[in-house]
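Common to both upcoming complexes is subunit A, partnered first by subunit B, then by subunit C.
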Partner chain A sequence: MKTTLSILALAAACAMPNIASAETLRIAFASAPRSIDPYPFGGTPTASLKEHVFESLVAADDSPLLATGWEWTDPTTLEVSLRSDIAFHNGEPFTARDVVYSACRMMYLIDGRRNLLTSSMGPIEDIVAVDDHTVRFEMSSPYPMWVQKMKFLSILSASGGDVPEGPIQYDNEGDCGITSYPTLAEFESGEASIGTGPYEFVRFDKSGEADLVRNDNYWGETPEWDAVEIRTIGNAGARLAGLLADDFDLIENPTTEDLPGLTANDELTYTAVPSWRSIFLVLDVNPEGANGVVAADGSAPLADQRVRQAMSMAINREAIADRLFGGEATVANQFAPSYRAGAPELPALEYNPERAVELLAEAGYPEGFAIDFYAPSDRYANGARVAQAVTQYLSRVGITVNLKTQPWSVFAGQRKDGELGVFLYGWGHPQGPAQMISFAFASRDKDLGLGSSNYSNYQNDAFDAAMRAWAVETDEAAATEYVGEAMSIVMEHMPGIPLYYQHTIWAHRADLTVVGRQDERTSAMTVSRQ
Partner chain B sequence: MSAETTPVDAGTLAQRKSKEPSFAEKFRKAFRGYPSAQIGLIGIIIFVLLAIFAPLIAPQDPYDQMRLDILDGLLPPGSKLGDGTVSLLGTDALGRDIFSAVLYGLRISLVVALVAVIVGSIIGVFMGLLAAMKAGWVETLIMRTVDLKMSFPGILLALMVLAIFGTGVDKVIFALIIGAWASETRLVRAVAMSELKKEYIDSAKLAGLSDMRIMWRYLFPNSISPVLVVLPMSISGAIGTEATLSFLGVGVPITEPSLGLLIANGNDYILSGKWWISIFPGLVLVGLVLCINVVADRLRDHANPYLRGKD
Partner chain C sequence: MLNFILKRLAQSGILVLVMSALVFVGMYVVSDPIAVLAGEDFTEEDRRVLAQELGVDKPLIVQYVNFLGNVAKGDFGTSFVYNRPVLDLILERLPATLEVAFMAMFIGLVIGIPLGVYSGLNQKKPTTKAISFMTTVGYSIPNFWQGVLLIMLFAVWLQWLPASGRGDTTEIFGVGWSLFNLDGLSHILLPAMNLAIYKICLQTRLARSGTQEVMYQDYMTFARAKGIGRDRLIRRHLVRNILIPIVTITGLQIGSLIAFATVTETVFSWPGIGKLLLDSIHNSDRPVVVAYLILITLMFVSINFIVDVLYALLDPRIRYT
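After this line comes the complex of A and B, so read on.
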């Protein structure tokens, strides 16, 4: 009798997972996470996956996460206080030592491969665990951006077998007296995937599959789901079919063409949020001429500010957002999303083709000129169609546009080699509204990390001065002032033409509530049952 | 004497001539009693005429970016466009009139396929004759190259070529030529090898004619007919391959869509009920290939001596 009962109990226990599986959230990603190892790989899918398991001191929305707060005790010293009530998935408590260890891992190159922050951590000379719940970053020069960059420093537990007892001495080489760090394989087998996040690692596969299970001891709000299953389906049609067939509860990036169908379906709906990615044109303003830009008199039309303003006025941004995106795009008035915290208030960009024609004539191009316009065909949502719409608008004011769409692999190489005179590009702004302009329009300054992708050859002293001041300003309000100043200058000169801000879209079951994230990441933490 | 014989000879000659049917008669004979092939032929003629006169028929130049307006985008068939014209078959996302785009697309598809197949066949025939004539290392080199080419799936080879050289109409033609020549080479070589065993070649050789002259004057005209028979089939194959490449986004430029690219554009919208964008180009593509294949089938059957008895 007793055995029968225990067998019954066992059977009941076995049946449990079936009941529990109703609480599993099944997500389809659009592209595969590279690894669960949070250090070597950038990219949104990888970041989406890792933050279920690993957390950082600062959350994606700039609020404190594992930290409780931070203070610049002087322009080169940042003191961060840490939460004290947190344990890793393996039960070890989270302390300042783990932060130092994680920073060491960030600087340590496996097979010579740089990690996410390897180059960004150059100015950091020392990281000191002041006490268990205070960590101090000491820099060689003022480096206010570090607060933003800390989002990418995922915190690992310093409890592996190879970590020496006692305090860890940080150095710039990733050596830190630690003989070996967990390898990619150890992360992917789960051995090393021990974080503080709301979900614990179960399984990862290179094809973009990952299984996660709830961290019952999570320090924050109790996670909504017992388990999370992530799969990757590259083809948008197949992804939608999976949602329709109830293989998934939530899918990334349905195409804007499919949105009317989702609205018509009672079982399904979609959530869209304006993201931090802006889409724009970059113009090579070099007075000696730009590749593929030809004027009848041999001059360099793009070097003339009036020409650039005319090009901006020729484009009907409202029509692009409305017709090509079904309204799921926001018209741009500057390079950073205007709703990004810290972005300045600027007037809307005018659509006025008549004035554009006049401006071109004033600049000495009444007959227009010819440009080769490059756009990646497989990178941005609706990218090829946007490029064609821009081509239409520029053609109408008399500019001969030769549109060349190319796969991203080809396009990216040519852009790097500076071969593109006019091109379509997109940039996310997780690090704040200055992220794109500081890279793309500032004069090159390696120490401050400015101008590393200045393919427009734009150079302006007032703009550079504002960017340099911003790069070392630790006071947030003052830094915001500098960003506003720089943005106004660059919007007046227009070495590029902002078009629109992308919206990120998730299609999901109608009985789920999704709080879409502006950094485009997909997270089980933002999905709840109604 | 001569005055007596001449009329007789002329009569016999005329009689013989009437027994040897002219090309037009042969052609007519091949299709007589085969209504489907006749319809196919008429279809081809219509498609070719539409393609040739596209600029006169089409209400809009779909390649002129200045005339297009995204505000006209995604309108169903029969809608009125911003400039007052009526779009018979609707518009795509960028405001392109589908009817006009199909006519122009037909043009590109036909031109690309014709040029590629004709150039490919010329190369293929030459290579095949050369291989048969020269034998030895020349033959080995040519035929192993053919084997190598044939071992690749055609579409993969074309994708590789386009990945290396970039996209564009000229590159698509180049990729299709590379895909087309090998099978013709194999075909022509086989026919030429059997011709080479015949007496007239021996006598030409004994007469001291050069290899090139024999190849050109005797071997070529006697080996060419099987190529002519498969030519229509090659053309329909090339149209299909071009459409596939453009559908995959590696073919013609997006501002000058061929039928395949038009279908690809519409494919994104098919789930949202905008069926007209891809259905019409799709129907035209299917119609064109079907017509060519029906005609090609007939020509092949007609050329086959085993089947000809049933004519």
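After this line comes the complex of A and C, so read on.
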């Protein structure tokens, strides 16, 4: 049998020509993109894939992409001018009409369901193609965030079958006088996957496989690769084995343990880039008390600012970054990454367990108190281990910590129901440095979209005022001022405790250069041969 | 026999119903699809609309009754995550799992039974001792670790076989199969071996103990005395008689291979239903999980039923009345 096996294997190996030709880039994703249809699904893998084929008006790093620039003509009107030298994969020129059409598809119900990105459209009321290369967004209330949100609006070609001639009249139902839109199936068969991106669609499979080929007429920098093959391998060990076996040129997210091995291997290496994802604790500061937080005298310890500062001082962030991440994490000093454009400059957070003990005593808890600490076990890199480390640091200053790690699907539901008094969380900050604090710490304001996930029950007038001003400020410099003000206040009061900023890591062949992206997305455009 | 079949069917119906209720309630209690699906920037209004569209805003009992009504019409629901009919999703993934499961079972039987019979017949030989040692080792190494070892050996060091994925498929009856072309075959070998190692050990042991028992039966002595040749003795009288426990176990094992090849599918990124189940539990995609487990229950019930019928065919002494 052994010989039979080897013969079979040999035959198989011979039948397969070595596909590692220099012009094809073979990438292994860590989780599967859900579709090539750019609209119905969120999530990093889906976005990573779609960006090869579809582009938006604004690039991930907030710079203009298909737009040349934009201007707020008044607080509720944004005029965007478009590049005039761009053609879709099918040769049709890109115009303002395509923008309106894409927004209509965004809002359109597919099989009776809205797509999961629709909420990005916020108070947009009308979208007008002013001329071929100018488009105007009109809103019912000021929505400066739209500049960031335009990243979600992947541009499709309006040249397909059922779009009537002439201008398209936008409406919030996505009807727009268009009787039928391309379906998910038509995107996945490739019929409708026509964008302006650097790569053209060849094949997509639900198991997370996609094949792409170079767009020879790409308007930007010429794509490096003739073809790109994307596969998905969820298991980190198997993914690394695929790289070692030369099945792939580049893989996502090797584990921290694998990094020394990659460094020792001459054929392989890795690239790590500080990402925009910050990891932090959220504390329920409700003076009435918080779930799972118990003090001997029945008071609410987390409502006391000194207690929260003590908790922050008890945690050795340097050690977490060095020991748990092999140095591939950056110590945090605020909720947004300090290197995210628009984030204020703030001092480093002190590690001082002696002072922490004093602060706890001053606050009236010399014997400490008890907390239930919740963390998702399968969400963040090394998340469960970080939670254990935090548990130990807090225990050392006298706080009794009962750590509860749970699968994300369970954790997310309990968090939404406000059942978690202290929990570990992460935020990707795709839309600037202020969005997370505006959701997590501002008082609830439905119209401005503030405070929708304020599970900390933090309330501060000065902070709220800054966030409200930020939410409607279309002037970038002024908005940055408000962000700085709000961040300083919330860092002083600490309704949450920032820990570190995650790094995104790619393992790859040593003869490739990878310029990793900060939004954690994997793109063939960032990979080149040396 | 008819009576037996009818009774079996009624039992199965109740079993499936209880199963569906358990899974439905379990998924409802444990996880919240809205919390998982909704983006961070969803407003409360967005969440409410989403809950309405998914039908999870209604009380549990209403949701369950609606679900049963739809199942009666053959509609298992629509995936929360993929927004496609659940049955399509499962059927799409099923061939991949089926072929790797049957391939593994096939390898297990073809290698396991001869090894077992050989060991049973030659108890004193050193090769038998070696076989016995190997089966103990094969039993003891955890499945996922075996998978990683196989990848290290055949994909990384020897570079004979690809480490993961399904490779090219050949379309037969509109369904893609890996078994019928070389690239696909090279992809299926490692995951199939990973699943098969345990089966080989199991079948070897079953066949060996069966052989040891049967060899000393009177009818074997008699057959030998009659002058029946060794080959015929083994094929006709020995193997046939050791098959009953093997068929039982094989039946149950096929079920578990199909239903719970999850670990292997994860290690080798084999796009089968085990991986779908895992992803769906992770994403709180309740319709997929419920439909999947109902189908799996049905499958186990059917397999047990077939095994019972096979008994009767293999052993004339068994009669169902």
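Simple rule for what comes next: the second predicted complex is superposed on the first by the 504 of 530 C-alpha atoms of A that agree within 3 Å, B and C clash if a C-alpha of one lies under 4 Å from a C-alpha of the other, contacts with A are read in each partner's own complex, and residues count from 1 in each chain.
FYI, a contact is a pair of C-beta atoms (placed from the backbone, for glycine too) under 8 Å apart; a residue touches a chain by one contact, two chains touch by 3 or more.
Note that the structure is a prediction, hence the values are computed from the model and not measured.
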| item | value |
| --- | --- |
| Subunit B versus subunit C as contact partner of A:237, first or second or both or neither | both |
| Which of subunit B and subunit C A:410 touches, first, second, both or neither | both |
| Contacts of A:379 with subunit B and subunit C, given as first, second, both or neither | neither |
| Touching partner for A:439 - first (subunit B), second (subunit C), both, neither | second |
| Chain touching more of subunit A, residue-wise (subunit B, subunit C) | C |
| Which superposed partner A:119 touches (first subunit B, second subunit C, both, neither) | second |
| First (subunit B), second (subunit C), both or neither touched by A:203 | neither |
| First, second, both or neither for A:184, with subunit B first and subunit C second | second |
| Set intersection of subunit A contacts, subunit C complex versus subunit B complex | 237, 378, 407, 410 |
| Touching residues on subunit A, where the partner in the complex is subunit C | 1, 5-6, 8-13, 15-16, 32, 34, 40, 42, 110-114, 116-120, 184, 205-209, 231-235, 237-239, 241-242, 244-247, 378, 407-410, 412-413, 415-417, 427, 431, 435, 439, 446, 449, 452-453 |
| Contact footprint of subunit A on subunit B as seen in their complex | 64-66, 68-71, 73-74, 93-95, 166-167, 249-250, 253-255, 268-269, 271-274 |
| Footprint of subunit B on subunit A - complex, ascending | 237, 240, 255, 257-261, 316, 319-320, 323-324, 377-378, 384-385, 387-389, 391-392, 395-396, 401, 403-407, 410 |
| Subunit C - residues contacting subunit A, complex | 30-32, 34-46, 49-50, 53-54, 78, 81-84, 92, 111, 147-148, 151-152, 154-156, 158-166, 182-183, 185-186, 189, 266-269, 271, 275, 279, 281-284 |
